[in-house]
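Below: a set of structures, written as structure tokens.
Below are two complexes that have chain A in common, paired first with chain B and then with chain C.
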Partner chain A sequence: MQLTLEFGGGLELLCDSEKIHKVNVDLPNGVEELTMKDLLSWVRTNVIKERPEMFIKGDTVRPGVLVLVNDCDWELSGQLETTIEDKDVIVFISTLHGG
Partner chain B sequence: MEANGGDSSAIVRELKELKLQKAELEHRISALEAKLQDTAALERSVAVSNGCSVVPKASGTIENGLEHGLSPDEIYRYSRQLLLPSFGVEAQSNLLKSSVLVIGAGGLGSPALLYLAACGLGRLGIIDHDVVELNNMHRQIIHTEAFIGHPKVKSAAAACRSINSTIKIDEYVEALRTSNALEILSQYDIIVDATDNPPSRYMISDCCVLLGKPLVSGAALGMEGQLTVYNHKGGPCYRCLFPTPPPTTACQRCSDSGVLGVVPGVIGCLQALETIKLASLVGEPLSERMLLFDALSARIRIVKIRGRSSQCTVCGDNSSFNKQQFRDFDYEDFTQFPLFAGPLNLLPQESRINSKEFKEILERKQQHVLLDVRPAHHYKIVSLPDSLNIPLANLEARLDELTSALKEKQEGHASTGSCTNPCIYVVCRRGNDSQRAVEYLRDWGFDSAKDIIGGLEAWAADVNPNFPTY
Partner chain C sequence: MEKGEAKSKKPPRLCCICNERRPVLKRAKTLQQICRECFYEEEIHQAIVKNRLFKSGERVAIGASGGKDSTVLAYVLSELNRRHSYGLDLFLLSIDEGITGYRDDSLETVKRNELQYGLPLQILSYKDLYGWTMDDIVKMIGLKNNCTFCGVFRRQALDRGAALLKVDKLVTGHNADDIAETVLLNILRGDIARLSRCTSITTGEDGPIPRCKPFKYTYEKEIVMYAYFKKLDYFSTECIYSPNAYRGFAREFIKDLERLRPRAILDIIKSGEDFRIATTTKMPEQGTCERCGYISSQKWCKACVLLDGLNRGLPKMGIGRARGGGVNGGDHKKETTVKTLESKQCGSLDF
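Up next, the complex of A and B:
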């Protein structure tokens, strides 16, 4: 399925300073739905180029990273269990503190 | 040259003093002018109400059916807002009765304060412990050159008064801490977080929860900004969104990572806007939503964020967080982030030299390699002559460059007949990364590596005052 991944707040530095990634993700064998949990490990393997600990901690994103599925906080759609559909836009953004 | 240098510094000092006196005079003039207008208005209103045989109030407000309580001068000053059907006199009247505290008079606070002072709040509090520096001016547009070296709060308050001498301004030249936060924040209706670090952000949010105050929170770094309203009518607090603090490596300061001036400017303006909406009770506040601003790609995205978390340790259903716990809470320890960045002390004394000692090494033409571990774009701004730039992040991968530089110096040296091995001196901007680099180099067997204490800033302060700092 085709997805748009966006990285911001400094997370783009982990993937060659590219903010927007149009990607094609295939469903794992025998799986009918892609969840955010699957997508996170796919992103870690295929998109993140350096310092993966700045993106992932345990099986989820590190503290201070907001995940938005189609402009909506993933907390509202089931976090890791959120199912992803074709053409979805997933944003990973690190919270900023400067001012 | 020496004598000229002395003369020019005296002139600069005198100029600074004169500019400050000028700013103070201008402030006094504007205050007197405002007072004159008030008196004139009072006389006018006495005349008007005498004509209508209504007894005037001492405050100058006409009591002929104007329930909103705006004075003639206020009606004139804020007329363009009163003319807005979606704002009008009621919203302005609400605004004039409200009080707002802006925490931080920096990149976000500057535009926020200017607009809040201009729009006609009742009372505006400003808190900041810092002084104005030349490298603030590109984004902290409330300050003027005359105030360099003076407290930001004094500078910001003077600017706000010169825009609007009719509002009350409270000045707090101090840092916000758990010991004073409850007392200060409790005196205001709305809190604006215009700070620049994680411990302050957690502290301010927790304090707002305890006091039941809405919090207009903005942040900016590099080319991006973020904005939301916390703790508003059942909405989330900062901890609902970020229950666990991020790792310190993910927390950058503008003074380290840089920021384009207008980026916090945009976010600060939007903070003023959200504050005005809350104070005047108009519109739809940015609660349970977050605005993400990307200046480089010209994109603004407003996303829906979670509501209040029932599990939140501060505002959740079972939270027992109280004022005493707040006073005792160590936010620096919680976030592992210092409120005030102090120098790092990683290395033993024998692994370090100060900038004056390094100057002597240069004068004695002692063989050495000077390794500058700052990022390449820092190195391009300014560097010491005859230095090798390998950024700390790439040091491991580029150790061979250091080895060959050492070899080169050694060979050059052998021809002159001396037998001491060249030392490695490591420098960075302020003397923190250079210590990390030395620690690392010594682990890899570069036993001669020493760091230059205080980095290029110390070099500029103690050896060469003409060396640019940034």
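Up next, the complex of A and C:
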């Protein structure tokens, strides 16, 4: 499925300084729906080019990284269990820097 | 219609406040689901009114670094000033520590903010005030304890800037996460004097310039989301000299806590507010620095001690355990910013 990924708050530095990535994600074998959990590991493998520990901690994003799915906080849609559909826009923003 | 809600197998909800629009986030404090429009500005307005932070006609300087907190602060304050007619004269005050690759970039952001929000900007540099940039300082002292120098110098620089602009008050963008981290840091270091002051929303009323933190109860996460929704322009990189800062550990801890129990941040602040110091504890007396007249609890204020050390080529002076007047820089166990009873920093204007 076609997805748009956006990185902000400094995370873009982990992906060659590109803020917006339009990607094509294939569903893992035998799975009908794509969840955020799957997407995260896909992003970690295919999009993050350096220092993955800044983005991911364990199974989920590093504490301090906000995730918005179609402009809506993922905590409202189930965090890792959120299902992703075609043409969705997912935004990752880091809050871990000076203000 | 509501893609967000349809995915989660919960019934679609509406914003708790207006009951009309679809919610876009869940407030950590209250677990309410609210929409983009109801989010945020009115809360700050309530905090300002309830704590009586400003009086009409005051000149107020906003400590602006170009980062997320100060940009949002400048935007929200100028918006509320207009909407609720606070009658304030707002200014942007920025400090240039002389950190290449970090501060010079973020200053560009502040200059853009000056134009975008129509607020006059004043920039002061460490080079002009002290004769040293942070780059020079780090070359001399190495990569540990930089934050001590920078923090002490910056606080004084902000006061000097505020005096130059002849303002009545200084506001900074410290948010709830910052304050919770500071409470923890002060506990970890046993800094009782600071612990008793660090949770006040307004500090330094008995000093040159009072300072307030309108975002005291606002979560960092909400500031970032607000900036995202309003498409505000801010600079977001970590200071290149900060990786070894002690505060980083407190921050990691707070972030992990927030994930498990979001209210923890506000609760830590509440604990900090409710601390009562035993009457038998010796607290530092507030006086003035003999060299520069700045507020201090020692003979010389910390900035003068540090500066003296730098100029004399004794960069460890003022850091670590000090005996007597703190001149013997070589006597220290570890290069940490441990503050003992002998080497307390200058007074109430430190946060």
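Brief remarks follow.
Everything that follows uses one rule, which is that the second predicted complex is superposed on the first by the 96 of 99 C-alpha atoms of A that agree within 3 Å, B and C clash if a C-alpha of one lies under 4 Å from a C-alpha of the other, contacts with A are read in each partner's own complex, and residues count from 1 in each chain.
Here is the rule we go by: a residue touches a chain if its C-beta (ideal position, glycine included) is under 8 Å from a C-beta of that chain, and two chains touch if they have at least 3 such contacts.
Since the structure is predicted, the reported quantities are computational estimates derived from the model, not experimental observations.
When both complexes are overlaid on chain A, chain B and chain C end up clashing with each other.
Legend: residue contacts after superposition of the two complexes on their common chain; A:27 is shown touching neither chain B nor chain C.
Once chain A of one complex is fitted onto chain A of the other, the partner contacts of A:1 are absent, as it touches neither chain B nor chain C.
Applying the stated contact rule after C-alpha superposition, one finds that A:97 touches each of chain B and chain C.
In the superposed model, A:78 makes contact with chain C only, not with chain B. When the two complexes are overlaid on their common chain A, residue A:19 makes contact with chain B while staying clear of chain C. With chain A used to align the two structures, chain C clashes with chain B at 166-174, while the other stretches in 22-30, 40-48, 76-84 or 166-174 stay clear. Residue overlap on chain A between the chain B contacts of one complex and the chain C contacts of the other covers 8-10, 63-64, 66, 68, 71-73, 75-76, 91, 93-99.
Within the complex formed with chain A, the chain C residues making contact are 3-5, 7-9, 22-26, 33, 36, 65, 67-70, 173, 175, 178, 220-221, 223-225, 228-229, 236-239, 242, 251-252, 255-256, 258-259.
Interface residues of chain A facing chain C in the complex, by the touch rule stated above, are 8-10, 13, 63-64, 66, 68-73, 75-78, 81-83, 85, 88, 91, 93-99. Contact residues on chain A toward chain B in their complex (touch as defined above): 8-10, 19, 53-54, 62-66, 68, 71-73, 75-76, 91, 93-99. Against chain A, the residues of chain B that register as touching in their complex are 104, 106-109, 194-198, 201, 218-222, 224-226, 241-247, 249-254, 257, 259, 264, 267, 290, 292, 294, 297, 301-306.
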